[in-house]
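Got a structure for you, questions after.
For reference, chains read A, B, C and D in written order, and residue numbers begin at 1 within each chain.
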Amino acid sequence: MSANTFGELFRVTTFGESHGAALGAIVDGCPPGLAVTEAMIQTYLDRRKPGSNRYTTQRREADAVKILSGVFEGKTTGTPIGLLIENTDQRSKDYSDIQDLFRPGHADYTYEHKYGHRDYRGGGRSSARETAMRVAAGAIAQAWLIEQGIEIRAAMVQMGNVRAEQLDWSVVRENDFFFPDPEKIVALDALIRDLKKEGDSIGARIRVEAIGLPPGLGEPVFDRLDADTAKALMSINAVKAVEIGAGFDVVEQRGSEHRDAMTPEGFLSNHAGGVLGGISTGQPLVAELALKPTSSIRIPGQTIDRFGKPQEVITKGRHDPCVGIRAVPIAEAMVALVVMDHMLRQRAQNGDVTTPTPILR
Amino acid sequence: MSANTFGELFRVTTFGESHGAALGAIVDGCPPGLAVTEAMIQTYLDRRKPGSNRYTTQRREADAVKILSGVFEGKTTGTPIGLLIENTDQRSKDYSDIQDLFRPGHADYTYEHKYGHRDYRGGGRSSARETAMRVAAGAIAQAWLIEQGIEIRAAMVQMGNVRAEQLDWSVVRENDFFFPDPEKIVALDALIRDLKKEGDSIGARIRVEAIGLPPGLGEPVFDRLDADTAKALMSINAVKAVEIGAGFDVVEQRGSEHRDAMTPEGFLSNHAGGVLGGISTGQPLVAELALKPTSSIRIPGQTIDRFGKPQEVITKGRHDPCVGIRAVPIAEAMVALVVMDHMLRQRAQNGDVTTPTPILR
Amino acid sequence: MSANTFGELFRVTTFGESHGAALGAIVDGCPPGLAVTEAMIQTYLDRRKPGSNRYTTQRREADAVKILSGVFEGKTTGTPIGLLIENTDQRSKDYSDIQDLFRPGHADYTYEHKYGHRDYRGGGRSSARETAMRVAAGAIAQAWLIEQGIEIRAAMVQMGNVRAEQLDWSVVRENDFFFPDPEKIVALDALIRDLKKEGDSIGARIRVEAIGLPPGLGEPVFDRLDADTAKALMSINAVKAVEIGAGFDVVEQRGSEHRDAMTPEGFLSNHAGGVLGGISTGQPLVAELALKPTSSIRIPGQTIDRFGKPQEVITKGRHDPCVGIRAVPIAEAMVALVVMDHMLRQRAQNGDVTTPTPILR
Amino acid sequence: MSANTFGELFRVTTFGESHGAALGAIVDGCPPGLAVTEAMIQTYLDRRKPGSNRYTTQRREADAVKILSGVFEGKTTGTPIGLLIENTDQRSKDYSDIQDLFRPGHADYTYEHKYGHRDYRGGGRSSARETAMRVAAGAIAQAWLIEQGIEIRAAMVQMGNVRAEQLDWSVVRENDFFFPDPEKIVALDALIRDLKKEGDSIGARIRVEAIGLPPGLGEPVFDRLDADTAKALMSINAVKAVEIGAGFDVVEQRGSEHRDAMTPEGFLSNHAGGVLGGISTGQPLVAELALKPTSSIRIPGQTIDRFGKPQEVITKGRHDPCVGIRAVPIAEAMVALVVMDHMLRQRAQNGDVTTPTPILR
């Protein structure tokens, strides 16, 4: 059972609670000889870090990652890579107000039933703080994928009713929203300001792509590339929906419209999102996901406590009006883990992922 | 690696090609003492069987399942259950026309790259025929779940632009569309007739629910109940999108609107779709999925062959205008597999899935 | 959980009871393009088949294997290979005499406690008949290994107090004992005759070797090549001990005696049995195992029934005086599964098992 | 793939090199509510710690374990338990003398072939130092097992030619050899002194028992209790052989002698070592293992370097003349991991490991 482990051949196992001593991960199955440094991983972590962005939570964590094993003289050795981030800004504040309370929209109620005993401080294990280790592990996967000519990229393409009308990847890393439409930045900024004023929050839609995949990745019939991608993305905190390619639009499409015609020069469209029969076509793998608005808001809500009594809840602390923003690097990381895992699986099968040569190009 | 295996504790491994000798499955991890018969499994299989429904393909397969092991004197023994369906209607027709052709929207092209050598007859392993074994295995899971007071149910809620406006579960099994809105049957029938005339196909949206779950099912942080459900549903042939609860609607929701308030009498809404932090709340687990229109249509399409040369493709044989219809029992089966697996996992953790007693009711 | 599955990348899942309808297996993860036929698998099965040998049980089973999927035009397709052997000689005899009895030395008592409900006929799932599917799966692994220049071979090196004093592999397949010392065949024959007269049974020691392994196979720290071999061999019915290389003799060895010196021409000895730190050295992998004498004997024994009452037990039917003989091809099969699995794992890591080139040769 | 992970439901994943920054482990699947403290784990660690015993290596490591997650207010929460031991005594000595050398009997040569790039300092990942995390994880398992009335215990029963002639468990923890025969302590002491003088080393035999198991633990046909025990023990550094119950003695036993008779009062013997058909009988699980003499000795040895040139090797540093001594707590830990895992697996199957009630007792 792999509750806290992701992947089959490139395996990431994480631990850590929001307000515990540290977060950590073991990355097992990384091929030897890959250049990996703390500084490289840190650049990925800094993109999701609380406090790095004026639109996200003001909790300030150094989130300084340490490599404890598996890297020698700057290169991986093929043995497990131990990663650690110590929690430095735990604010020894009093959590007794939520100790017995089930915050609506949070995992308090479900953890109580699953485990009976839980670390309620900041949500404990259910906190999105855990995703820092996914990003750290994803950074290692991305380092390897880049060597194989594969790029993983993500952008927030909608926040509330503000949708991107262009997909300009060159601007995504230049704005705090990871947004691909520079003309909408003002609207996004206004929306965040309004939400902060109201003490409310909003959902978001993220698009993530893997570019440069060889055809042939993915394992029918269960461990399909799209099925594993769906699990990977749905496992991110607050995600409620995942699409591949044309996604829900297929419901109203005709077969004659949906199927992507092939010519000697390549596919004429990509409604499939880069996957046919669960296996990569060589076109970009395209997925979109929806993140719910955080339930940690200043507007009072109706709930109960551990004794079944009605209570009112108000979240005071530091929280993002849109958790979707910080989910962009996390979505990238999760897709990187899936793609790397399937590259290794294909290598186990064929000895070489590039065999046979693609017919289309 | 579990390419053809689904589940951790209730494990289903399948084999078989569309036009091979037989389809089969091994169901491992079923608790002993469960009443299981071939007749019971057959009732589930008959619901997805080709030719059982005038709106679906006219290929006629008896799809008669045999239990080869693991059941003694009508009850499971806890040892692996071997299931077999022999392919009887393989039509020894000539498949040489598609031997070297990559049908657009099918897995021909991707299987060629993954494996180099493939059984092209009827799509081989990539055929939806494989899902018969999922339904058979799901039948066993459902037998066990029913004993625990859990019901899994699914319906097609949209086909093309015909949407269900009511969700009347009592009529779902009374019409050939598994549709919950009896007033739309005429429109569905008309749409299918039009598609047959045009030689085209259409997509569909399916809703699947698990009712009666105890709170506490699901494993953070990766093997969440919703993440495993997303993988299970996305692994069904032709599925391109999965939602839990409010799904993509969360993008435009406010936190104050989305979070489900709790009262001593229970939750006031179910935008979460029965899952918080990846763990069941005790409310119905609600998922929806989108199936693409089949690419096997009579309208000519542009493609290439194995030698990279342009070709025209027309599908002649027997095909469903809407593969989404037959996916209804498959979606049920996959959710049954996920829920049963998590019931056993919770039992491993706690020794009893009903511990502790739900606080809400 | 993989109770009935063996292997990580080359995965074998089996089902079937001694007196059920059939035995079967799914072999998942076999690379595509490997030549596999029923006839080839049958030659391996015939070596362990009951009734093929006048020293073993006279139960006559055709043990005719069918390939149901995963092989197309004589070559594997990379999809799961379904294997089936129907039980033809089930002798519908009356098993009511052992229905409530716990035969000493058998799994009746333990299955009763594990499962509560069991197929008692011929031992059900606990029967060594299940190993037929291991041999069938092992045949596929051996076909692949032979292509890589790897040979797996086994011999019975001791039965009772008759030990082989020479290891002449050329005679192993020429005698019914798989014995490597032709001068001991007469003694073995005499021992079997005595045992049959007495209605008793005897243990055996088997040696199994893998020749031609590249150095570098095996995964520290748990999935070592030797640890996986130990599990594989100990999982065979009746096995009570496993040694690698010098085995228990190391207890009295000095370090200066045990360590295998290395020279530019190669290792000077192989006390290690071909494994250092859990990883293959490139020398032969050498393991030995002990099989207990079967408990199915004509000499009356003391036992109890399901109601806790004392009973006497005598086995009448057809049984081998030495189950160790038939275990020879099974041991080969299990080592083949382990080696093939680790070859694929190494390929996943390095993309090529032969990288880097061995330094010694 | 689980190279550095052990267990299915109680999963232990470790990382760390001999001379890296730290050793660590993630223990996943521990039921919530178990009392666990650093002090409790430390008592187990102190038993295997270098320098704790005048007969073992004088390397002094505090081996102070920290719990980083998964325990809240002194009890496990069911979330993953992160464990860390920082390496404090890494002696920044010059390892350039072994950088290019393959020490005979060590994993240098095999790691070089497997990975190409390796941390050669002190053996890196292949060092037995890694087993500290197994002991730490085993301590948590033992805490849980004790609550279930199960005790795991181990003793060294032979070192070189000095064998225990009595098995007095009460003295095992009172001598530095974990030896159960107090009359042999003088001989053991003399042997160690001789070996130190000679600069040589010696092998050892360890016995480990699990007492108080319910009948019914273990999963046929591959994940048998004995097969998993064999793998667990063989995965310990330097182990070359494993026996269950009568072990290799079965080769010369008759069936009439080996089978353990049953009476209403219980079994009359335990040649089976507590396992029939891979499943526990309720009698003590008894295993023995052999550890080779360490290759790190002062007597010069013949070897080669990375360039294939002949070299002489002498180990200077701190090393145990008998690594078997410190393996006693490690063997206990590994059996604890196996038994706990199977307890959880049985719980998943039956909801309760004690169902049904043992018939014998």
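Convention: contacts are C-beta pairs under 8 Å (C-beta built on N, C-alpha and C of every residue); 3 or more make two chains touch, one makes a residue touch a chain.
Note that the structure is a prediction, hence the values are computed from the model and not measured.
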Chain pair, B-D or A-D, that carries the greater number of C-beta contacts: A-D
For chain A paired with chain D, centre-to-centre distance based on mean C-alpha positions, whole Å: 38
Interchain centroid distance [CA atoms averaged], chain A/chain B, Å: 26
For chain B paired with chain D, centre-to-centre distance based on mean C-alpha positions, whole Å: 45
Sites on chain B at which at least two other chains make contact: 1-5, 8-9, 14, 29, 32, 78-79, 114-116, 125, 220, 345, 348-350
Graph class of chain-chain contacts, one of line, ring, star, complete, other: complete
Chain C-facing residues of chain A, complex: 1, 9, 29, 31-32, 78-79, 220, 344-345, 347-353
Of chain A, residues touching chain D in the complex: 1-5, 8-9, 11, 13-17, 20-24, 26, 28-29, 32-33, 66-70, 72-73, 75-82, 84, 114-119, 124-125
Residues of chain A defined as touching chain B within the complex: 1-6, 8-9, 14, 102, 104-107, 109-116, 125-126, 130, 158-161, 195, 200-205, 214-224, 226-235, 237, 240-264, 268, 271-273, 275-282, 290-297, 299, 301-304, 306, 308-310, 345-346, 348-350, 355-356, 358-360
